[in-house]
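Paired with chain B in one complex and with chain C in the other, chain A is shared by the two complexes that follow.
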Partner chain A sequence: MSRAVRLIAFFAAALVCLPLILAGLRGLPAFGQHTNPYGDAVNAQGEALRHVTNMVAAVNFDIRGIDTLGEEFILFTAVTGVVMLLRGARGEARSADPSEILHRRREGRSEAVTGLGRWVAPTTLVFGLYVILHGQLTPGGGFQGGVIVAASALLVYFGEGYAAWRLIVHSTALDVLEACGVAIYLVVGLVPLFTGGSYLENVLPLGEVGSMLSGGIIPILNVAVGMAVIGGFCTIALEFLEETRQPKEDDE
Partner chain B sequence: MSILPYLVAGWLFLVGLYGIVTSRNYVHAIGCLTVIQSSTYVLLLSVGYRSGLGAPIFSDHPPGPAADPVLQALVLTDIVVGAAVSALLLSLALQLQKKRGSINPDDLQPARD
Partner chain C sequence: MTVLIAILLLILAVTSLGVVLTREPRRQAIAMGANGLVLGLLFLAFQAPDAAYSEIVIGGLILPLLFMVALSTLRTTGKKK
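What follows is the complex of A and B.
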């Protein structure tokens, strides 16, 4: 299909769809006036029933827990796909640098970048772990915190360079982390079946509102998701960085 | 009442779609796809918003009316899936460049044995 034909087809389709889109927009609730009985019910009863203060976490890891399991599998499958597509001539030697395959002129790293990285990377790591562990109390959770932890690993790469980054990022460890995260989620969901409950039912003691261990299975699932996200996103970063690197003779 | 948030969502969707239709580069097309996806974030969050009320997080005040947590949870799902799918598509584009030497959709003909 030539470009002109494609554009004509696009505008013709847009003309047909426009009235439908406008009709759909008119059916939406007025902005700021939304009344969803489910959301209101969660807001009204969530803290009393689940002993958590972050209602988004209550929805994600308890009320809609099975959907989040599916979401975690989407992440897992996508990361597996990335690894299968990119894994090829990948070495384990840590001396080589990415970007040499592109013959870029390389500037030395400024001491300011290294110095700042040494402050920022550990702080980001601690912040990410905090966000994962307090997911049921304050904004955050396994997905957000996991991405922050993965970003702290990348900050090590910016500050210290490729060799140091590969010292802390092992692909086997990441695979184990990601697989364990998904497996813990699955197994925690299975436990209630043995006591006559339903899958992913919150059967653990709920604890005290405001405590880090409150919410029964919610903090456990948060940590499981955090593990899977750390493993997944670090793996993606590793695979893409390896693409820019020339494999050496002595590499595996 | 304002319809601006819905218009922003519609605009993001259309501008992303136009970008994909006219794209000459798969990396650019993947960027446009994330623009389309961000229109769904704007739409879901504006549907769930309630005037004058805060976030559905009650760590420092007693529970009461707040924005809709169900829609915010959906947006979280949306963002995670979007990031993972973008990574998958970008690695497909990388493989395409390696195997066929081009990531311009117009240059690519169906593969033949």
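What follows is the complex of A and C.
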């Protein structure tokens, strides 16, 4: 397609779409305004009803917990898809170096990167766990904290190299972590059914507002999502890195 | 619209332009991270800290990090062994 044809196609499409876009923009609420009363209602009553201070957690993991279950399955399915696409017949020898591939030059990392990684990776790990465990109190939660923990594992790769990274990241352990995370979410939702409640009903004692154990099932679900996200994102990183490694004969 | 939001929107326009105009993959990863970070700060200014958190860890952290990791294993020399 030449440049002229593309331009003509663009202007033709713009002519059709522009009135629709403008009509849509005119219908938008004013800047900074929201027309949905739901958020205000949750902000007003959430703390009294669920004993949590992060209303987003109250909505995500209790009031609309079923939506988050769906999202967790989306992540689970996406990670499974990545693994199925990328994992071929290659093995998983820990000592293998992904840079030792024909035609690829290995550049040594500077001592500054290694030194900084040794400080930043553990700090990031602790911060990620903090974000997961305080999801019901402060902004953040299982998803955000899980991604931070997965990033701390990648920082080990940056600082120490592939072999050291593979010492802390085991494919099987990640699979178990992710599957358990999803399973805990499912099972926590099933428990109220046996007492005549509805799926994902918050049956646990709600605890004291501001305490780490407040919110009933909300912290448990946060930890479950955190486990699934740590497993999922570490698996994606692992598969990406394994993909660039040349398999050895004795790996299979 | 407060001054803070106006400033953040301006910075966002600049970083977004940076993402579009950058051509070198490693710089693209950094530009994307900067864009995600500013977008997260904008969410924070809109009083949506939870969404800001998600945007910063995904757009500003894990996405550029994954790209950097993939790129660091793909450095080519052009020479054949």
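Methods note: the second predicted complex is superposed on the first by the 236 of 252 C-alpha atoms of A that agree within 3 Å, B and C clash if a C-alpha of one lies under 4 Å from a C-alpha of the other, contacts with A are read in each partner's own complex, and residues count from 1 in each chain.
The definition used in the following text is that a contact is a pair of C-beta atoms (placed from the backbone, for glycine too) under 8 Å apart; a residue touches a chain by one contact, two chains touch by 3 or more.
No experiment lies behind these values; they were computed from the predicted model shown.
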Query raised in the report: For A:Leu15, is the partner it touches chain B (first), chain C (second), both, or none of the two (neither)?
Result: neither
Report task. Check the residue A:Leu154 against both partner chains and state whether it touches chain B (first), chain C (second), both, or neither. Result -> second
Requested in this report: Spot which of chain B and chain C makes contact with more residues of chain A, would you?
Outcome: B
**Report entry** Partner chain in contact with A:Val56 - chain B first, chain C second, else both or neither
**Finding:** both
Query raised in the report: Once the shared chain is lined up, is A:Gly32 touching chain B (first), chain C (second), both, or neither of them?
Result: both
Requested in this report: Go through the superposed model and pick first if A:Phe143 touches only chain B, second if only chain C, both, or neither.
Outcome: both
Query raised in the report: Of the two partner chains, chain B (first) and chain C (second), which one does A:Arg3 touch, if any: first, second, both, or neither?
Result: first
Query raised in the report: Which partner does A:Ile236 contact after superposing on A: first (chain B), second (chain C), both, neither?
Result: both
Report task. Touching chain B in one complex and chain C in the other: list those residues of chain A. Result -> 31-32, 54, 56, 139, 141, 143-144, 147, 233, 236, 240
**Report entry** Residue ranges of chain B in contact with chain A within the complex
**Finding:** 1-6, 10, 14, 17-18, 21-22, 46-52, 55-59, 63-73, 76-77, 79-81, 83-85, 87-88, 90-92, 94-95, 106
Query - Contacting residues of chain A [partner chain C, same complex] - result: 31-32, 54, 56-57, 98-99, 102-105, 107, 131, 139-141, 143-144, 147-148, 150-151, 154, 157-158, 233, 236-237, 240-241, 244
Query raised in the report: Which residues of chain C touch chain A in their complex?
Result: 1, 46, 49-50, 52-54, 57-58, 61-62, 65-66, 68-70, 72-77, 79-81
Report summary line: The chain A residues in contact with chain B across the complex are 3, 6-7, 10, 14, 21, 25, 28-34, 36, 38-40, 42-44, 46-48, 53-56, 58-60, 64, 67-68, 71, 74-75, 78-79, 81-82, 85-86, 137-139, 141, 143-144, 147, 210, 229, 232-233, 236, 239-240, 243
